[in-house]
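The two complexes that follow have chain A in common; it is paired with chain B in the first and with chain C in the second.
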Partner chain A sequence: MPRVLVTGNQAAGRTLAMAGEANRTARGCCAGAYPITPQTEIIEYLSAHSFSKGRVVPVESEHSAMGVCIGASLAGARSFTASSANGLSYMTENVFAAGYYRLPIVLLAVNRTLGPPWNIWVDQGDSLALRDAAWMQFYTDSHQDLVDTILLAFRVAEDRRILLPALVALDGFVISHTQMVVDLPTQEQVDAYLPPCHVPHRLHTGRPMTFGGLTWPRETAHMRHEIQEAMLRVPEVLTEAIDEFEKLFGRRPVGALETCETTDASTIMVACNTMARTLRNLVKHRRERGERLGMIRVKLFRPFPRQEMRDATATAQRVGVLDRNHSPGSGGIFWQEVAASLRGRSDLLLQDYVVGLGGGDVTEDCLSGIADDLSSRSAEAEPVWEEVAL
Partner chain B sequence: MTPIRLEQCADREKDPAEAWHIGGEHLLRCGNTNCAGCGMSLGLQLLNQALGVERPMLAIPACCGIVTAGAFPNSAYGAPVAATTFASSAAVASGLVTIERLNGQDTPVICWAGDGGTYDIGLATLSAAAERNEDLIYICYDNEIYGNTGGQRSSATPEGITTTTSPFGKGERKKDIMGIMAAHAIPYAATLSVAHRDDFLRKVRTARRMHGFRFLLMLSPCPTGWKSEAEESVDLVRHAVGCGLFPLYEVYDGVRYRINVRPDGTPLEEYAARQRRYTGSQVNLKHIRERIAEQWHRLDALALAFPAAAGNDCAHD
Partner chain C sequence: MQTGRAGGCRMIEMTIHGRGGQGGVTLAKLIATAAFLRGRFAQAFGVYAAERSGAPLQAFIRIDDEEITNHNQVREPDHVIVLDRTLIAPSVASNLKPDGWLILNASSPPEALASMFPGRRVAAVDATSIALAHSLGTRTVPIVNTTMFGAVLKVLNEPWEAVEAALADLKFSGGNLKAAREAYERVRGAELPGERAVIQTKPAPATPPDLLDEDLGRPSPIRTGSWATRRPHRRNLLSPCSGACPAGNDIQGFVQAVAAGRSDEALAILLETTPLPGVCGRVCPAPCMEACNRSLFDEPIQIRDLERYAADHGRRPSPTPPWRDERVAVIGSGPAGLGAAYHLALLGYEATIFEGGDELGGLLRTGIPAYRLPPEVLDSEIDYIVQHGVKVQTRCFIDRTRLLALTREFEAVFVATGLQQIRSLELGSLRPGVVEEGIDFLDRVRQGEVSLRGLRVVVIGGGNTAMDAARSALRVGARSVRVLYRRSRAEMPAIREEIEEAIEEGIQLEELVAPLHLRHVGDEVLLTCRRMMLGPPDESGRRTPVPVETEDSDFDVVCDRVILALGQSADLSILPEGAEIRDSERLLGLSGAPVFLGGDFATNDGTVAAAIGSGRRAAWHIHRTLTGEDLFPRGERPVAGYERMHMHIFTHAPARRTPHLPATRRRRTFEEVRLGLDSTSGVQPAVQEAGRCMSCGVCNQCDRCVTYCPEGILRRNGDGYNFDYDYCKGCGVCASECPRGVIYMAEL
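Entry: the complex of A and B
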C-alpha cells in the first residue's frame, strides 16, 4: 500500500476515482462536477482522471451535479460528487431525491460556513442541514480516516440491506488543504474491497416502472419506514464492512463512535471531525493530571448511534458537547442528538458549547477552558457560545 | 394491499425483459390520468408510433406528464420512467444516457417535460445539457401554462392571456424557446404538431436517427387550462399552424433552417375564439397578428439565408 503525502482533497479525489474505476466490471461510474471552495480540487482531480468506464459530467450547478448522479445511479452505475456550503444548499432538493430514491450515491461534503456573510472556513452547518435527507452521514477526523471512510461508505451504501446514499464530511482547509501522509490503497485493493455496484431497482427498458411518481399516504409512510429500517441496519452492516476492511488493509477504521478514556470517566466531552483530535490531546494531558476526563468522537451522525452513546457515557456525570454548527432558536445539532440519546439520565449534567463557528480556531487552550467550565457547572444551561461567553 | 418493498423489487439481472410482457406495449397505457383531449395523450401516441417497438427511457420532471403515470405501484407509461425534480429532467437524463452509452446501449433517453420545466425552472439545466451536447431527445409539450398546479402563467404563456397569476392578462410576450435552443447550435431542433401526423413522425424519427442533443417543441392543447373543448384539441393545433401562430420548422446545428408548413390563411379567430383563455379584455388580436407577421418575417429571412439542404434530414442521416 503506497504511503503518500497528500492533501485531504487529493486523498478524497484519488479514493473516489479508484472506487469509480473499480466498477468498470459492472455498469461503470459517473460523477457530476461543479466547483466551490474548499471542495474544488476534488472535482478537478476527478475531471482530469481517465476512467476505463466512467465519465465526469461538467454540469452548470450543484443541483444538476446531484441530478446527473441520480440519473447515473438509476442506470445502475456507481456515482459520486462533492460540494460545500452553498453548493450543498443549492443541491438540497436533489439530495433528498437521491435519498428517497434509495440510490447508493456518495457525496463528499467539505464542511464550510454557509453564507451570507461569506466565509469559506469550516463549520458543520452545511452538511448537518441535510441530516433529514435519508442519507447516512459520516464525519471524518483525518486524511486517513477520510480515505478509509469513503471506501466504507460505498460498501455500506451499495449493500443490498441498506441502499441508501452516504455523505462523507471533512473539515474545510483543516483537512482539505493540509497535507498528511496516508496509506492510500492500490486499485487492486479497491477492486477487491468493493464488489460490483448493483442497483436492484435501476431503470431498464424491459421494466416499465415509474420511480418517484405519485404515492398515496400509506405507501409513502411505508417507504419512509423502510428507509428507517435500513438506517437501523447500518451499524451491523458497517461493522461487517470494517471487519472486511481490516482483513484486506490490516487496519481498522473507526465505526460509529470513537471513544477515548470513557470507561471510568466522570466527565466526557463529545466532538466530531478535527476538533475531536485536539480534544484527544486535552484528554491525554488532563489524565496525566489525574482528572477522569474522557472523550467521544461522533463519526456516524446518520443513523445516530444512540445506544453506543448511552453505553459510552454510562459512568459519566457530566457530558459536554462541542458543536461547530448552530441551529438558531435551538442550539448545537450534535447536542440535540446527544440529548435525545441520553434522555432519562436525570443524574447527568449535559451542556452544549457552540464553538469554532465560521471556522474559528479551536485550540487545546480553548477546549481546556470549556473543560473547566464543564466541571465547575452546578446546573445545565442554554448552549454556551464559546467565542462570546467564555 | 401490502406495499411493495424495495427489497422485493425484481432483480433486473435475473429478470429478463420478457417477464414484463413489455414488447409491443403502448407508451401510454390505459389508466393514465390525462384529461380528455389532452395534447400529451395525442403526442405520446404519435411518439409511440414513431419509435415503433423500441422502448425509450423517460425522464419526466414535476408536471402533468408525471401525474399521467398514476399512483404507485401502477405506471401508465409503457417504458421505464425517472420522475425527476422539477428542474432536473435534463440532468437526470444526462446521467442515464451516460451510463447506457458506456455500456454500449443505444437506448433512446427522452425528457418529456412541460413548459414550466423547460422555459422556466429547468432552463439552466436544459441549456447546460444542450451545451454539453448530451445524447438526448428533449421533448417539451407546451401547454403554455403551469397545468399541474392549476393554471398559472409561465414564460411560455402568450401575451394577454389571463391565468391565476396573471389575472389581468399577461403583460409579457411568450419566450422564444426555439430561438434559445437554436442558439446552442444543437444538432436538431424542431416543432411538432399533433395535427400534422406525418410531419410529427418524420421529425421524431429524424431526431431518433441523430446523435447529440435534440430538442422538440410540441404545442400541447390543454382543454382544462385553455378552457376549450376536448374534441377540438387537434383542430386547435391545426388552426395554430394554419394561422401562423405556431410555425412548423426545423433547425439543424442551430444554423440551417427549414420551414415545413406555411400558414394557409386560417383566420386567427378560428384558433382564439374556441378558447376562453383568449377572450379576456387584454387579448389584442390585431397585436397578435402583428407578432405573427414579425415572426414569419424573421423565420423566412433565416430559411432563405441559411437553408437546410434540400431533400431530407441533411447530412445527419
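Entry: the complex of A and C
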C-alpha cells in the first residue's frame, strides 16, 4: 500500500479513478466533469486519467455533470463526480433525480460556504442542503478517512439491498488543499474490494422500460417508502463493508459514529469533519486533567444513526453540538438531528454551538471555551453563536 | 494552544510569508516532502484567498514523528521564512519561538537587521538575485521557492542530499537545483545582539458592519493595496496637435472648450499663445491637423476652422496697459513682430513697432489676398494688440544705423523684418510690364490697381505666393492662368487645400516644367520651357528636379504675362557690422541693448504660426534677459501618439467641414472662399466638430476610470482623481480603459 504526501483532492481523485477502473470487467465507469473551487483538482485529476473502460465527459454545468452520471449509471456504469457550494446548488435538481432513480452514484462534496457573500472556505451548509435528496451522506475528517470512505461508499451504494447514491464530504482547503501523509490502496486492492457494479434496473434494449413517468400517489408513496427502508438497512450493510475492508486492508475505518471517551463521560461534545479532530485533541487534554469529557464524530449523516447516538450518550448529562452550518430560523443542522435522536431524555442538557461559519479557523482554544460554557450552563438555550477571529 | 507533547520528538511548525506567484505553497510542500522522504509525518498548506500574483500569502508546515491531527493555522511557529523583501517587518517575528530562526530573502547580511530583530536568530540569503540569475520567474515576481528551500534546509542542519531528494521528488531540476545549491552554500545565519522585542499583536478586528447599515460604503478592512506590484498614476501628455503647432497653441485645450460650448474660454486659451487666432484660423497650413490622431482613425479634427470659430465667437478680455518701465523696440509688423509686441505687452513692457509701410501687418496684409484673409479680420486683431498700449510708428524704415540708435533708446530690440529679398529669375530682355514679381503683384491687386482682363497668365512657382497670385490673376479678369512648377504636385510647398481650391477655380497646373527663356513673336510672348523629372532627394528631403534630356523635352507656352513666385530671402543689410548671430535668435557683439531676431528673418519657417511662436519666444527671451525670470517650460511632456490611445473606445464619425463659396462665383470676387463652420447652422456644427476631439493624452474628466475600477477605489476629486493606494491592487483596468493614455502603471 503506497504511502504518499498529497493533497486531499489528489487523494480523492486517485481513489475515484481506481474505483472506476475496478469496474473495467463490467460496464466501465463514467464521470461528468465541471470545475469549481475548491474541488477542481479532483476533476482535473480524473480528466487527465486514462481509463481502460470508461470516460470523463466535460460538460457546461454541474447540472449536466450530474446528468451525465445519471445517464451513465442508468446504463450500468460506475459513475461519480465532484462539486462544491453553488455548484452543488445548481446541480440540485439532478441530485434528487439520482436519489429517486436509486442510482449508486458517488458524489464528492468539497464543503465550501454558499455565496453570497462570496467565500471559498469550509462550511457544511452546501452538502447539508441536499440531505433530503435520498442520498447517503458521509462526512470525513482526514485524508485517510476520505480515501477509505470513498471505497466504502461505492460498496454500500452498489449493494443490492441499498441502491442509493452516496455523497462523501470533506472540508474545503483544510483537507482538499492540504498536503498530508496518507496510505493509498493499490488498484489490485480496490479490484478485490469493489465487486463489479450491477445496477439491476439499468436500461436494456432487450427489456424496454419507462423511468420517471407519471405515477399515482399510491405508487409514489410506495417508492418513497422503499427508499426509507433501504436507508434503514444502511448501518448493517456499512458494518459488513467495514468488516470486509478490515480484512483486506488491515485497518478499520470509522462507521456511522466515532466515539472517544464516551463510556463514562458526563459531558459529550459532538462534531464532524476536521473540527472533530481538534475536538479529539481537546478531549485528550481534558481527560489528562481528569475531566469526564467525551466526544462523538458524526460520520454518517444520512441515514442518521439515531440508535448509535442514543447509545453513545447514555451516561452523559450534558451534550454540546458543534455546527459549522446553519439553518436560518432553526439552528445547527447536526443539532436538530441529535435532538431528534435524544428526544425523551429529560435528564439531558442539549446545547447547540454554531461555530466556524465561512471557514473560521476553529482552534482547540476556541473549543475549550465552548467546553467550559457547556459545563457551566444551567439550562438549555437557543443556539450559541461563536465568533472566530480568523 | 498545544503544539508539542511531553516526551518524544517535538512537532516542528513553520510559517512562510510570501506573495502570490513566488511559490510559497510549493516551498511548504518541498519542506514537507523532505521530511516525508525521511519517514516523518508532514503537513503543508497555504491560506488561499486572493489567488492573484503579488497578494501577500502565508503557508504553513508541520513536521512530526506521529500522525498530525492539528489542522489549524500555525500560531506560534518554530521558524519563520520570508520570501519577499517588502514583507520583512518586525511583525513577522511576533509569535516566533525564542530560539526559532527567521530565514529571510534579503540582500543584506543578517547583522544589518539587528535593529529590526534584536536578540533573534536570523539567517539571510539574496534569493531574488540567485533566482533571477537562474531565470526563475520575472523581475517583478521572481520565483524564489526552490532557492529559499536550499537556504531553509541548510539552516535546519539538513544534509544537501535531503534538498536534492525533495526537489527530484517534485520534479525540479536545472536552474532550480542550481539555485537551491547556491543558496544552500551562501545562506548565513547569526544570533543578533540585543533584547528580543515584544511585538504588540494586532488588536482584534472591529465587528463587521451589518448588511443593512446605512454607512455600508466603508472600505473593506483588508488593505489590499499591499498586494500591488504596480500602481496607477496620472499624467497629462502632450497632444500631438499641440506638439505640432509652431505657435505653441494649446489646441486640445481650446477645442475641448469649444466642444463644451465655452467659446470665450476657447479664445482665452488661444490668446495665451497667439494674438492672431482669426488670421491663423484662415491661413494656417495646420500641421496640427496632419498630426491629429483622428487622421489615422477617420478624419482629422477641423482645427483650423475651429480656431477661426473661436476667434470669431469668443469675447476678448480687456487689454491691460504696460506697467513696467522698460521699453522694447520691435522692427517689423508681420506676425513675428505683432506676436512679440503682444507678448511683451502681456508681460507689462511698452513695445514700439517700427513698420516701413503704411499699415501694420507685413506680409499678412500685402501678400495674402482678401478671399483668404479679409482685411477687416486682420485689422481687428491688430487693433486688439495695439490696445495693449503698443506704440506704432509706420513709414519708418529701419536700417543698420537706425538699428544701432534704437539699441541706445530702448532696453531691448527685436528684429523681425521677414524676407525682403526677392528671389528672381532672368528670362531674357523684354519690354517692361510682361514679367512681374508675385509679391508686388499681390500688393497691387490689394490696392485695386490691376486688371488682367482677357490676358493669358503664367505663374512660375509652387508656393503659397504662386497660388495666391494665380487665383488673384483669375479674379482680376485673366482669360487663363497656368502654374508651372518644376517638381511634382506632391512637392509643392503651398497649402494643399489652396492647390485644390485653385484647380477647382480653373487654374491649370503644369507639373515638372521649368522655364528657360522668354521671347517675343509679334504681339505674343513665348515662354520656352523644359520638361523635368525627379531625381534624388535634396537636403530638404524633396526630390530634386532634373531636366529630361530628349529632343522634344523643350516646348513653348504662349502667354501675355509672367508672374514669378520663386520665394524670398532675408535682407541681412540691417545687421550692423561686427554683429554675430547666435542660435539664430540673438545678436551678439553690440554695445547697446540686447538685440533679438525672429520670424522668417531668422528662421525662414515660412508660416504665420511659426512667426507667432518665434515672436513669443523672443518676448520670453527679452523678459528673461531683463528680469531673470524664465518663462520657458521645463521638461518636455511625451507626445500622446496613436499607440498610446485606446482607440477601441471611440466610434467613427465624419468631420463637419466648412462650406465653400461655389467655384464659379469665386472667379469673379475677392469674397472669402471659406465660409466658416458657423455660416449655415449657427454654433452647432463647430460644437459637434470639436466634440470629435479625443483629447489625446489630456484628461477631460470622462470618468471612465471611475466606472471601470473593479475595486471602487478611484474617486473624482474636482478636476482630478484620487487613487486609494491602501486598497488599489494594481490590476491596471483603469489604465487600459483610459481612452487617452493619461493613466499609466508603474512598477513599485
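Assume the second predicted complex is superposed on the first by the 387 of 390 C-alpha atoms of A that agree within 3 Å, B and C clash if a C-alpha of one lies under 4 Å from a C-alpha of the other, contacts with A are read in each partner's own complex, and residues count from 1 in each chain.
In this section, contacts are C-beta pairs under 8 Å (C-beta built on N, C-alpha and C of every residue); 3 or more make two chains touch, one makes a residue touch a chain.
It should be emphasised that the depicted structure is a prediction, and the values quoted were computed from it without experimental measurement.
Peer 1: Kindly say whether there is room for both chain B and chain C on chain A in the superposition, answering fit or clash.
Peer 2: fit
Peer 1: Which holds for A:Arg55: it touches chain B only (first), chain C only (second), both, or neither?
Peer 2: Touch partner of A:Arg55: chain B, not chain C.
Peer 1: Considering only touches as defined above, state whether A:Ala192 meets chain B (first), chain C (second), both or neither.
Peer 2: neither
Peer 1: Which partner chains sit in contact with A:Cys69 here, chain B, chain C, both or neither? Use first/second/both/neither.
Peer 2: first
Peer 1: For A:Ala77, is the partner it touches chain B (first), chain C (second), both, or none of the two (neither)?
Peer 2: In the superposition, A:Ala77 touches chain B alone.
Peer 1: Applying the document's definition of touching, compare chain B and chain C: which contacts more of chain A?
Peer 2: B
Peer 1: Is A:Thr205 touching anything from chain B or chain C once the two structures are fitted on A? First, second, both or neither.
Peer 2: After superposition on chain A, A:Thr205 lies in contact with chain B alone.
Peer 1: How many degrees apart are chain B and chain C as seen from chain A, counting from C-alpha centres and rounding to the nearest 10?
Peer 2: It works out to roughly 70 degrees.
Peer 1: Using the touch definition from the top, say if A:Arg27 reaches chain B (first), chain C (second), both or neither.
Peer 2: A:Arg27 contacts chain B only, not chain C.
Peer 1: First (chain B), second (chain C), both or neither: which does A:Leu348 touch?
Peer 2: neither
Peer 1: Look at A:Ile120 in the shared chain and tell me whether it touches chain B only, chain C only, both, or neither; answer first, second, both or neither.
Peer 2: second
Peer 1: Pick out the closest CA atoms of chain B and chain C after fitting on chain A and give their distance in Å.
Peer 2: Between chain B and chain C, the minimum C-alpha distance equals 27 Å.
Peer 1: Same chain A residues contacting chain B and chain C, which ones?
Peer 2: none
Peer 1: Once bound in the complex, which stretches of chain A touch chain B?
Peer 2: For chain A paired with chain B, touching residues are 27-28, 30, 32, 53-55, 57-61, 63-65, 67-77, 79, 93-94, 97, 102, 160-161, 163, 198, 200-216, 218-219, 222-223, 226.
Peer 1: Spell out the residues on chain B that touch chain A in their complex, using ranges where they run on.
Peer 2: 3, 5-7, 9-13, 15-20, 22, 25, 55-57, 59, 66-67, 69-73, 75, 77-85, 87-88, 90-100, 102-103, 107, 124-125, 127-128, 131-132
Peer 1: Please give the residue numbers of chain A that touch chain C in the complex, ascending.
Peer 2: So the residues of chain A touching chain C come out as 5, 38, 120, 142, 171, 173-175, 177-181, 274, 277-278, 280-281, 285, 361-365, 389-390.
Peer 1: Using the touch definition up top, name the residues of chain C that touch chain A in the complex.
Peer 2: It is residues 1-2, 28-29, 32-33, 36, 41-46, 48-49, 67-73, 75, 204-205 of chain C that touch chain A.
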